[in-house]
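Each of the next two complexes has subunit A plus one more chain, namely subunit B in the first and subunit C in the second.
Then we have the complex of A and B:
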């Protein structure tokens, strides 16, 4: 099936005018599959880290949300061991007015603002709630360990 | 239709769903957001909310966008969709359809002559020499499609062709007629079917070959042979047909024989004893009535006149009686002799009473025209009848014995009376003798003619007890 014009335009813009701290490049053999990197936002325990993600645009896109997953290990209450992300716009709060760029910006914002009240990794969330400083320390350690390069 | 816009459109005119300038824009009544109509209808199909602010939204809430917006997007300058083919035309978006439909030299159109279903670019349509155009053949005048013309010339009946033998030029339609008479045509000898291998032109055939052809000389013989052969073939066919018929008949007969064998069971004998022996030679157990009547196991002494169907029935009939019939399942069918020898009254259980009286005269022969079962039933009934006869015989013997005993009894009584008389006489004689011996005979002598003197008699009786009483 031919690629919708919207995806072509989005891809062109992502490559030509990337959002700060975010890169996204489509696979050559599957233009719906993107390799994504997100820099850890300054001021967060993930600062300096470069996190790899994968992003897939399903057949129904833009009527259905893209599928996004962390490939780099990350200590975050809303991201589980498998890299799945608990983010409302990737689920029921998706809107066709959103696009790849906005989704990736939202993921980046999630790194700055962990939400332990809506956890996907309960032990990390518990750690964040009980000992935020210690938990952020672990996040920093993991960032240095897994996302340093 | 996907448009290629010459300039980057104002971002306010982009649909947030397809990221392109609005096509047939629709604005929501509830939140005043504008989308392409197709885009927002599809989005509502997935989630009934506005894609921008997530407020509830239904199809009924969509209104055509403000005419200013419509004009703005309709007047955007777009390239012709055939730009890749070479059309440099650009125009307002709303006019592109008219351009493509009516003007663009790269648009696809049907053959303008309407004679073929080929689709071609408009610019080629005028110069297009449609292969389906019909043109008249120069020779015969028939209209032929342009691309079929070459093939037609090759077989046109009016085309001039040259006879390959005599170089005469004539139209193709006349060629077959010419071939038959062309004097130069190479033909084979009329006797080629009989083996003549000569070939040559038609003129040389009559002038040179025919007089010298060895086959021609004996063509009468060939003709006679051919008719003979034909007759033989015909006859052969006929005979073959006959054989087929006979074979099928034989098969039928075999089948019938088989069914007859099955029906007969143990009564069937394959050694041909019935077919080749005379009536008297038949096995005694299966030939009950035709043997001598005195030896007949079922005949009584008075049976001499018993009817024996086999005595006068021909042997074939006797044999036929062993086989149930050609149609064993048909109870109505029975050969004439079989009907004649159906059992006399004695075999009928309903007439048993009469049978017991008649049996002394007649016992029917074993009925072999029925099945084995029927014959067995017949035999059993004859045994019943026989036992009845024996019974009555015994009773008559009893009566005769009783009569004889009575007669003998009476005779004994009369003998006894006689004996008594004799004894009396002997007694008188003894008394006389006694009187003579003792000397009182004078007295007694006078009494000899009269009655017996009772006292004497009494005396004698008591004085001579040794005399035996009879």
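Then we have the complex of A and C:
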């Protein structure tokens, strides 16, 4: 099936005018599958990390949200060990007006603002709630260990 | 009008008696809606037994009439239009009191939360272009706004759909009151995805964070327009989706209303109203078995909201004509296909589980799911060590067993200690030895509870199995009788098939009762009451087995008249016994006569 105009335009714009700290490039053989990198935001324990993600646009896109997953290991209360992300706009709060760019910016924002009250990785969330300093230390360690390039 | 309106919640009526007075005049324009309602007055059931709760079956349009009445009520009080009233009601799960209270506290906050912009008299879907429409952004409770929204206008003023980026000249934008425009095709695809894929009845505006909900008229327009569009798929799909939308609304209403329950049979769209069983507390005293009134399998392909019941038994006119298979369903087909949609109003069991109450039935089903297969396997494949009672599986080797846990050595065959076996190692002929008897005794004690459970379970399962077999047998018998009818030109056999059918139906019904009496007996505490219960159970079981046997007796043209007499007599007797069991148990629940050997929700804990 031909690629919808929406996806073509979005891809063009992502390449021509990338959001700061974010890259997204489609696979040549599958234009719905994107390799993504997100820079850890300054001031967060993920600072200076480069995190790899994969993003897939399902057949129903944009009526259904894209599927996004971290490929790089990350110590974050809303991201589990399989890289799945707990983010409302990727689920019930999805709106067809959102785009790949906005989704990735939201993911980046999630790195700055972990939400241990709505955890996907309960052990990490518990750590974050009980000893935020220590938990952020582990996040920093993991960033250095797995996301330093 | 609305005060004698019989389905409405009594409490609400009492609270708003004053309002009802005011509404009298306003109701005149709603009369057409009320007329529809009159067509759904209870289809008077035949003789109702004491243990049957009054209930009535409603079609989808009857439920829609109930919804319309609620909407009308709110519309009258708030002075808003019907669309707004129904969005408000849906938002608060059709809880009128809560809605009125909240609305009085703060109407505008309520309207925003429900996805209605403002309480204007006619906020009908505005199909205005984004140009000119002042895009008012509603207050949002959204997450981070990541990037500026895509421009929906080019510099030259032509509309570009922000969803599909279509910039075809002349493309018009559709928007709700918020003014977030998108092209018709995108709206169609969006609404369809919401309704079809997500089963969602509230379609919010597509713009990120905009909480405005599309009114029904807007949804209808968008869906019907998208049907005409070739790209949107086959013709009529939009209409079908709109039907689905209406069904979702009805389901939501029914789910929110205590005295309504949707028929759980696949493809059936009927609803049952049973005010007597609304609320969990009554479920310890009654078993609210209801039927939606439809018989048989409803085609799930059918999208029409009215489902015609399958045809009544065809009466063959013209005396001698043999049953023609082309225009009348054979009685056995009818039996298998035409089973009434019976279900329990109080719990998820989709069949009649009388006489036992929901709580006990649920306990029993859970136990069966967890236990029966495992218990059967344990019973047939394992034994317990006579000394430490560990469960042991013998998976090969000789009969000389050594318990892994306590090192007790024993013989698998007689369970006696191995030391008594001397040199006869590979065969055990020492059955009468004392050691062996003791070991078997203790073994049997530890097995008693398992045996007890299996006793009840096997009988429970057996009745279900037998009921199915009876149906199979009947279809064979029926065929035979029809053949005889053709060959011997005996016209009265047509009537004969009817008596067989009646008997089989009765057997089926009674076996369901018997089945659940075993679940009940398993949990009944020992005592006189249980003895009496089991006496009734035994009488019914005996009668049912006798009738089953009669049904299996060979059929020859000569013996049909006597057989018919016997079967008819027995059917009547069985019917009576069944009524006795059901009535006595139901009375027992009302009198709080039954006590259980386990703790059951809503009952006192067992003594001991």
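Please note the rule applied: the second predicted complex is superposed on the first by the 149 of 149 C-alpha atoms of A that agree within 3 Å, B and C clash if a C-alpha of one lies under 4 Å from a C-alpha of the other, contacts with A are read in each partner's own complex, and residues count from 1 in each chain.
Criterion: a residue touches a chain if its C-beta (ideal position, glycine included) is under 8 Å from a C-beta of that chain, and two chains touch if they have at least 3 such contacts.
Bear in mind that the values here come from a model prediction, so they are computed numbers and not experimental data.
S.K.: With subunit A superposed, do subunit B and subunit C clash or fit?
M.R.: They clash: once the shared chain is superposed, the two partners overlap in space.
S.K.: Contacts for A:97 in the overlay, against subunit B (first) and subunit C (second): which applies, first, second, both or neither?
M.R.: So A:97 meets both subunit B and subunit C here.
S.K.: Quick one: classify A:9 as touching subunit B (first), subunit C (second), both or neither.
M.R.: Both: A:9 reaches subunit B and subunit C.
S.K.: Tell me which partner A:19 touches in the superposition: subunit B (first), subunit C (second), both or neither.
M.R.: The second partner, subunit C, only.
S.K.: Touch check for A:50: first (subunit B), second (subunit C), both, or neither?
M.R.: So A:50 meets neither subunit B nor subunit C here.
S.K.: In the overlay, answer first, second, both or neither for which of subunit B and subunit C A:88 touches.
M.R.: second
S.K.: Where does A:105 make contact in the superposed view: on subunit B (first), on subunit C (second), on both, or on neither?
M.R.: A:105: touches subunit C, not subunit B.
S.K.: Given the superposition on chain A, which partner contacts more residues in subunit A: subunit B or subunit C?
M.R.: Here the partner covering more residues of subunit A is C.
S.K.: Where does subunit C run into subunit B after the fit on chain A, at 19-27, 55-63 or 127-135?
M.R.: 127-135
S.K.: Is there a shared patch on subunit A that both subunit B and subunit C touch, and which residues make it up?
M.R.: Comparing the two interfaces on subunit A, one with subunit B and one with subunit C, the shared residues are 4-6, 9-10, 60, 62-64, 93, 95-99.
S.K.: Which positions of subunit A touch subunit B when the two form their complex?
M.R.: Contacts found on subunit A: 4-6, 9-10, 60, 62-64, 93-99.
S.K.: Within the complex, which stretch of subunit C touches subunit A?
M.R.: 142-144, 146-147, 149-150, 162-166, 180, 182, 186, 189-190, 193, 197, 204, 206-210
S.K.: Quick one: which bits of subunit B touch subunit A in the complex? Just the residue numbers, please.
M.R.: Answer in residue numbers: 2, 16-20, 39, 42-43, 45-47, 49, 51-52, 54.
S.K.: Given the complex with subunit C, which residues does subunit A contribute to the contact?
M.R.: 4-6, 9-10, 19, 60, 62-64, 88-89, 93, 95-99, 101-103, 105-106, 109
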